[in-house]
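Chain naming follows the written order as A, B, C and D, and within any one chain the residues start at number 1.
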Amino acid sequence: MSFKSFSDFMPRQDILSFAVLALILLVVLPLSLDIFRLNLVGKYLTFAFVAVGLVLCWGYGGILSLGQGVFYGLGGYALAMFLKLESSDPESTRIQSTPGIPDFMDWNRITELPWFWEPFHSLTFTVIAIIVIPSLFAYLIGVAMFKRRVGGVYFAIITQAIAAIMTILIIGQQGYTGGVNGITDLRTLKGWDIRSDFASYVFYFLAVVLLFVCLFLAQYIRRSKLGRLLVAMRGQEDRVRFSGYDVANFKIFVFCVGASFAAIGGAMFTLQEGFMSPSFVGIVPSIEMVIFCAVGGRLSLVGAVYGALLVNFAKTVLGETFPELWLFAMGLLFIGVVMAFPNGLAGLYNSYVARYVDRLLDKVFGPQRSSDAYRPASSDTVPPAAPGLRQNSTSPTEGAIS
Amino acid sequence: MTAGSNTDFVLAVEGLTVSFDGFKAVNDLSFYVDENEIRVIIGPNGAGKTTVLDLICGRTRATAGSIKFRNQELTKLKEHDIVKAGVGRKFQNPSIYGDLTVFENLEISYPTGRSVFGALTFKRTDAVVQRIEEIADMIFLKDQLHTEAELLSHGQKQWLEIGMLLIQDPTLLMLDEPVAGMSVTERQQTAKLLRTITKDRSVIVIEHDMQFVAEIADRVTVLHQGRILAEGTAEKVKADPKVVEVYLGH
Amino acid sequence: MFSEYSATELGSILAMQGFAGLILFAVFVLMALGLAIIFGQMGVINMAHGEFMILGAYVTYLTSNLFANHFPDLFGSYFFFAMAFAFIATALLGALVEWGMIRFLYHRPLDTLLATWGLSLILQQTYRSLFGAREVGVVIPDWLMGSYRITDFIEIPINGIFVMILAIVVTFIVYLLMFRSSWGRQVRAVVQNRPMAGAVGINTARVDRLTFALGCGIAGVAGSAFTMIGSTGPTSGQLYIVDTFLVVVFGGAASLLGTVASAFTISQSQSALEFFIGGSMAKVLTLMFVVIILMFRPQGLFTLKVRR
Amino acid sequence: MAIQDKTAKAMPAGKRRFGGLLALAASMMLATTVVAKPPTAEVNTTNLAVTDDTVRVGILHSVTGTMAISEAGSVQAEILAIEQINAQGGVLGRKIEYIQEDGASDWPTFAERARKLLRQDRVAAVFGAWTSASRKAVLPVFEQFNGMLYYPTFYEGLEQSPNVIYTGQEATQQILASIDWLAQEKGAKTFYLMGSDYIWPRTSNKIARIHIEEKLGLRVVGEDYFPLGHTNFNSTINRIRLRRPDVIFASVVGGSNVAFYRQLKAAGIDLSRGDITLLTISVTEDEILGIGGENIEGAYASMKYFQSLDNPNNEAFVKAFKERWGENSVIGDVTQAAYLGPWLWKEAVERAGSFDIDKVRAASPGIELTTAPEGYVKVHENHHLWSRARIGRALRNGQFEVVHETADLMEPDPFPAGYQ
């Protein structure tokens, strides 16, 4: 443990916000929603994983990835491959020309399971692959880009191109990937029906628990020296470099962390919905994932979860009642969080609510004691100006190298 | 590329050249810095002063020539390895972390936990806190430790950046215009600060203010169009007619 | 694979294929020029660039209806009016967007990216509400849809020639504006040193607005021309955006010449690959090629090494 | 939570005019059903949304997003059919209420909305899904909650779910007859296959290739795929020029269609002059609106329905459709297939005497529809429709002229032996 005291790791406001979130996700929602609605919330939560990862990458690290869908997809596909193999046993696929392989392969005249599918017979391998493959891919991209100091806008555009490439590949190589339909019709996990109401409850709580694991990991990173280094790098990358740090390594690290969070989210989606499809991998879903993070507040972990929940909830509600308005709403949201509320919900909370809560906490528990004497006590406190405002890349060419 | 010779100097720059699209910003430059020497580099705008510092700390890569720091070739090292070897550099515009407090600024510069894993497991021990307070005292910022660095005055930011270098205890300290934009009192305080910190280490300073230069320099190097125009004590350089012509004369 | 064809056939195919590459090149140049101005000169990432193009296409559609109904005699030449209207309409919208949004976001390129993405969603839905979800069929005058038969085998599409000439003309005008006019000098001055430009009396706000409007206007002209070769629907613009950005970034953002050179490289390789390995894999390989090159030369292929 | 309930009751009286045949049939039906209205407890034992007066169904298509263009016609056709059925007295004496959900061109959203329709709204049937991907996404939901889906689009086959009635053609129905026709009538020897890069074109071309090479002993001289949304076809057109096929067999979809036909014409390959024979399985009257009739004139399309079909059923249907949705509406193959959905469901419910899904399913095979605009159709054991295959030649005005029609109904064969 690298903190002197628990309050260094979690200041009082953070404990409060984590606790409130836990209360909402573990008690309030399960008690007040039917399984259909709860299942929807579970689906929204899978995007919260991505958003939390983006808080680290973008909010703290200043790395805006427009390709998080790729990692979400990789995680989701890894699990979907395992589940598909389980449901493609020779018995239930006996009408195929080649029994025992997934149905879409059979349609594409593939007569043998491709080598890269083989390991996905093992659940252990799959669980490891869900984390490792996306992280490895992120590592490769990270090394290639950050070691060469590709950053800012260029990184965003290149990740976007990677998302485009992945989509075309998945759709084009349908014999190996299921194509545009994705990998569908997943029914059981180790013989256990994943579509029952009971399974839905289990997966919902599993998603919440995993989300909290990710939140705590992210909180640890945020509150560690690495978190402060990221903030430092965002404004003065050269200063950090000339203080003896290999800046690229830190960027690669958070990018990998963000990727693995996204992958866990994708895997949880597969588990809850019973399919995975390339429609999560492309450019549009990837950029939508950024908005979840931006709405919550790009510097707030808990905010990201609320952002993902609220935007998706709004999408469902507006989609049901005024489908035509949804795009307008989404468009305004993008413009709004950039121009009017750069720190999202968390920013609003910090400006208007936090101090009252702090005062209340002071009254109830007495003033906060902490060894962290050099940092204001409140949680995701952000400087008055938006973080983006101080980014000092003045011309695109300079931005490329920053 | 010249191999460069082994010497007793802290820093030996030999045949250093860098060209940007044919324009030689630094042209076949050689100079040597002694242990505990304070070397001031002066020269008109565009003479290549900042580029020399950029080359030494690895921000710009040399086209030809060698830079040896305690006989270790720097031209091939990565920036962070040059820092770890013991070279610290302050930028022309104060470059500090505005979103962090003075304490955190200094803490980040504290020379442990520089790897990813190290940064994750870095612990704010009493020794760290003590060292930070010590440095803060030296750079006149002891009462500002809680303050976010963005809120400091321009002069205080310059000091903070110097403090961030001091905490690393570098063997060679390079300062790019450390008193630019400072008030007279700040300037005096800075001169005092420089005198304390230059004990036990070599320093290269880029400066325009000749009075300040005369006050601190052991030796002065005058650059003009990427070449050395003159070198020697402040008095000698001031008296050199070539220098007067290109630089001081205006 | 060529053994079964005669030498003349192969020669003709080579010529045709070269021409196909040139058409794609012209298309890329038209797509990317506006963006290169906005991104290269102003540092703004305009994700709504495709939607500006589609606005140009819709204006063309409206113009064609107008001429068909009211000036049927002039229908053959409506396309020129349409391009002018398209330029005016998109440039006006561009100026409006700059005034209402972009000017608050200079020096925050990532934020312009998100905000303009939002704008693109709003524009898409607006088009859908106004023109319907369906693609509209823009009727092209007959003289633009034919082809010149040179030999039995070589036929040159007239709309391809039209697009190419248009690309040359637009590039030339942009070149004159940026490098041979006092306005262009102002733009470049603002790019290089904004406070100084302001200090010597250049109205930087006005220069910004005009630059953005010009970039959007060129998008409008491009969109107008593309009604001859592509579809015009609310979401058609999104198809172009990644390609366009890659062309600009690959060329090196600050250089117009780089944009043209990169459009040439990408179009020729994509066109040739398409011929040999088919559309889908050609696209993947071209994108990968560009991404990999960009990793090695993040500043773009055609920019000079500069001191940072 | 607000639900978009557009009940047919709210429909203005002026809209309730239909063609002669249907109106006649309606009044007769009305008379019979009012008399014999079975009690709710009897016709609904599985807790579906059925009351004494109403029965609730769902319509699930994309209203927004890229697919909204294509799916709009299906929504209109389904609503029209439901309104006509209600005007005749409904199903088992109950008026149909429909809940329309938006799949937003996004497969996961389709799954989410399907779940809502089945679990929350407890609808007795769903008419919807358009792309294969959206059908694949909702299929597990329908199987899990035992719903009934009427799927209108011609598709690649390879599927046969107890919970789906496929009212469009499966691949062999669309492909085999058309290739036979090309070989016989057009004397085609060589074929160039091209399509957008996803499962339906690839599967269709696979079947086409097997039929061409193995059954007919002819040659395929090229096969080409393009990413969805691809707009540059000049290189392919050059390839086609070089290979000189007798027939281009095309399954390009969406915006790419527009680009393809425009560039083909601009390159001097004029279909109306008969420079080359092009047969498409992806262009209906709907798509021609975007492509422009002048650009595709002379191309052949293999479908089971064209708006120009000359029979009394179709005359009444087209008239009713235009009255309801405007004089400018066009009706493509899928729109007609979507129109069949509610009618087939009504017939099955009445035959079963119950809304229960299991009973409706059991009653479905063998259902005949003599009033279908495309003519007579019949539900096969495998839940697909027996129907005629037709070939139309595209005209400048955006309509097709039917040039060929199979003499017999073609048997649907979603898992064609020898074609896999």
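By our rule, a contact is a pair of C-beta atoms (placed from the backbone, for glycine too) under 8 Å apart; a residue touches a chain by one contact, two chains touch by 3 or more.
No experiment lies behind these values; they were computed from the predicted model shown.
Chain centroids computed from C-alpha atoms place A closest to the centre of all protein C-alpha atoms shown. Interface comparison, A-C versus A-B: the higher number of contacting C-beta pairs is recorded for A-C. Taking the mean of the C-alpha atoms as each chain's centre, chain A and chain C sit 34 Å apart. The geometric centre of chain B is 75 Å away from that of chain D, both derived from CA atoms. If each chain is reduced to the centroid of its CA atoms, chain B and chain C end up 47 Å from each other.
Rounded to a whole number, the gap between the C-alpha centres of chain A and chain B is 42 angstrom. Shown for chain D are the residues in touch with two or more other chains, namely 64, 197, 225, 227. Chain A has residues 168, 172, 324, 327 in contact with two or more other chains.
Residue numbers of chain B whose C-beta contacts span two or more other chains: 59. Those residues of chain C whose C-beta lies close enough to touch chain A in the complex are 39-40, 43, 45, 101, 104-105, 107-115, 117-122, 124-125, 128-129, 191, 238, 241-242, 245-246, 249, 252-254, 280-281, 283-284, 287-288, 290-291, 294-296, 298-300, 303, 306, 308. By the touch criterion stated above, chain A contacts chain B in their complex at residues 2-4, 8, 220-221, 224-226, 228-229, 231-232, 234-236, 238-247, 249-250, 253, 371, 373-375, 383, 387, 390. Residues 64-66, 68-69, 72, 197, 223-227, 229-232, 234-239, 241-242, 254-259, 262-263, 265-268, 286, 288-295 of chain D touch chain C in their complex. By the touch criterion stated above, chain A contacts chain C in their complex at residues 64, 144-145, 148-150, 152-154, 156-158, 160-162, 164-165, 168-169, 172, 283-284, 287, 290-291, 294, 324, 327-328, 330-339, 342, 388-389, 391-401.
Across the complex, chain B meets chain A through its residues 57, 59, 78-80, 83-84, 88-89, 91, 95-101, 103-105, 107-109, 111, 113-116, 119-124, 145-146, 148, 150, 161, 164, 168.
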